[in-house]
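Below are two complexes that have subunit A in common, paired first with subunit B and then with subunit C.
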Partner chain A sequence: MTTESVAPALDPGARDALAELVLSLADDEFIIGFWDSEWTGIAPMLEEDVATSSIAQDEIGHAKALYELLAELTDDDADRIAFGRSIADYRHAALLNHARGDWAFSAARRYLYETADAVRLTAVAASAHPGLAALAGKMRREETYHLLHADAWLRRLADGAEDGRRRFAESLRQLWPDAQQVFAPLGAGEGLDREGWLPKPMPELHAAWLERVRPVLEPITGELPAASPDAGGRTRRTDDFAWLHGEFTRVSGSEEGALW
Partner chain B sequence: MVIETRPEAEARVWAELAEIPDPEIPAISVVDLGVIGGVAFEDGRLRVQLLPTFVGCPAIDVMRQEITERLDALELADSVIVDVTFDPPWTSDRISERGRERLRRSGFAPPAPLPPGPVGLIGIEDLATLPVAECPYCGSSDTRLDNPFGPTLCRAIYHCSACRQPFEQFKRV
Partner chain C sequence: MTERVWEVFRQEDEGDPMVHAGNVNAPDEELAVHYAREFYGRRGESHRLWVVPRDAVTELDDPDLLKPPFDRSHKRPGGYIIKHKLERAKERARGDAT
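Then we have the complex of A and B:
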């Protein structure tokens, strides 16, 4: 991005807090975008092939804009941040550690992620950082379509044949604890609050999300256990993610500084 | 920073931009599409604000390059800078009347107007693609949404029950 717009110098504490928030948003969008892009060509029907690919392209586009914002803040390079980190340095929520699974699993994850992301984005769109607020406001308009898509699949699977309903319910139950981690506390929690980067604290966003999804999910899954975000919710990594990391860094890793 | 007022030069810039087609839907110019946020001469440089339709639009770089080259050739400033920004956000209401007509003529239903409200915080439910769009071929409203996702990020797919044609709508966003 070439915006030379007003970038008032931030003190290091404020900048680091903002950078941590932006990185968590960017990595979430980046990783779910890559998992969903794996359905391109093999989704259960043509319409879904187009829809899932389009959603994945949106998410990776959002990640690109967020990485560019982060690169400006930290005087780094967006491609370096996206592709040049080791597995332990990614900060996506544990929900995104899992391979795509079957269609019901991907639909379950997408529902959990999109609803959590919608709650979070609404808060970020009111951030005290004008660049981040504008980007989040713009992303939110696009995410509307993702949310509708996720909701349509929830209804289709929940009201559909037994096999699909069972797989969907099992996937939701399996992913439930990790879904909480979209709201995992960030190291810079206090800084985010003090500077107004995130105008509502994570626990408040988490509660708003629970209030919204529990009544929708429990008729499908039965009672869901109490589960909370925890401090490791954005640092635990899995073999599934290690595999994906190998995939998405293959081109950049094959030749340093390559453009594609 | 010195902002220069150069009405004649600015008019030439807008006229040149009006000749640059959108890379994905060439029937419509970047001006009619509403992606040009503004132009200004500053410290001898020409700055153009470019508002992407979608954050992940892959055509942004192509547009930026085309705009830079075409405006450079006018030799109105020492350099041309295209600033990509999301503030203000592009919305489908930015498409001009002429743009909407051009979309219709090339087989795209133009997006319906947005509901009133602050641009960044319109209710999720209000923003969605409408279940019905007017068929650009026969004008019928007897249409249905087949897929809110289409061949590019900004397009949805509909079917017209009256003339039995599939068509695309530029998404309301």
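Then we have the complex of A and C:
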């Protein structure tokens, strides 16, 4: 990591703002990675099973790198951050609160998430924090393929048989309000602007995403309602997430502090 | 979705020959390329992939054409075995010199 030279110079306010941003990115990647890994072994065809599992692994790989950056910033441990928090302390967007559902539901969520993540990563790659900017640049290279894959499934389901098209459209409409929350305001919003950690403010990123996805989605879903990110968009939690949290902390919780 | 079989060839480094890697099932070219990448390139082991629908491959496996019953040794690049002739010629040459 290239943060050693930068970290000590940060004042606590600037560091906390950066840490909040990195945590939101890391938790998003971590949780979507875990949900999509629930398809391993049962995806629609063997090839798609391998592809979905591999993409899920990529996301968890991105989360690992982000948690390591966060651990350096906050003098913590990446595994502790990933697996050692209670349900209320996770900061992923509400979009990722839902169980994987059927294939159309997971494909709808992947499309919404990948497009929002692409818009956000473009901004983060220009962050004033060199370690975070470099990491986002690397992540974007892998996310290019994720986006192609999500887009391929969008077109297949939208142009395919009636049942799949209907399920896909319903899933998109159901997830639409929660998808906005990828751009939910962070508590340290002003600090992010002041320090240049996130060079474009969230509302601007949100508008750019809407401009990109509305023309693609509305021919499938019909008119989508006006929906906005809100302050609770990264703190609301669900029973689905409580279940997933139990799953992914089961091994680490079985013997605290064990070395692997 | 109706699936087709796609044959995948991979090249390890620029300039290396394209070698048959295996095949994937996919409904169309776009997903075939994604799946080929996952199966034969996700570990960074490939420089280039060729993804070809199996039905675009013309196959020849007729033994009458490929393994005809007569001796074909004269068609091999090794041609005639001249090792012994060459040795005798060398001996003759040495004899002439002395």
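Odds and ends about this structure:
The criterion applied here is as follows: the second predicted complex is superposed on the first by the 250 of 260 C-alpha atoms of A that agree within 3 Å, B and C clash if a C-alpha of one lies under 4 Å from a C-alpha of the other, contacts with A are read in each partner's own complex, and residues count from 1 in each chain.
One rule holds in what follows: contacts are C-beta pairs under 8 Å (C-beta built on N, C-alpha and C of every residue); 3 or more make two chains touch, one makes a residue touch a chain.
This one's a predicted model, so the numbers in the text were calculated from it and none came from an experiment.
Considered on the superposed subunit A, subunit B and subunit C are sterically incompatible, since they clash. Of the two partner chains, both subunit B and subunit C are touched by A:V50. By the document's definition of touching, of the two partners only subunit C reaches A:G160; subunit B does not.
For subunit A, the partner that touches more of its residues is B, with subunit B and subunit C as the two candidates. In the superposition on chain A, A:E142 makes contact with subunit B only, not with subunit C. Of the two partner chains, subunit B is the only one touched by A:A118; subunit C is not. Shared-chain residue A:A226: touches no atom of subunit B or subunit C. Across the two superposed structures, the residue set of subunit A contacted by subunit B and also by subunit C is 47, 50-51, 54, 145, 148-149. Listed in rising order, the residues of subunit A touching subunit C in the complex are 45-48, 50-51, 54, 145, 148-149, 152, 156, 160. By the touch criterion given at the top, residues 1, 3, 24-27, 30-31, 34-35, 37-39, 42 of subunit C touch subunit A in their complex. Per the touch definition, subunit A reaches subunit B in the complex via residues 1-5, 47, 50-51, 54-55, 57-62, 64-65, 118, 122, 125-126, 130-131, 133-142, 144-145, 147-149. Residues 54-58, 81-91, 119-122, 124, 127-129, 146-151, 153, 171, 173 of subunit B touch subunit A in their complex.
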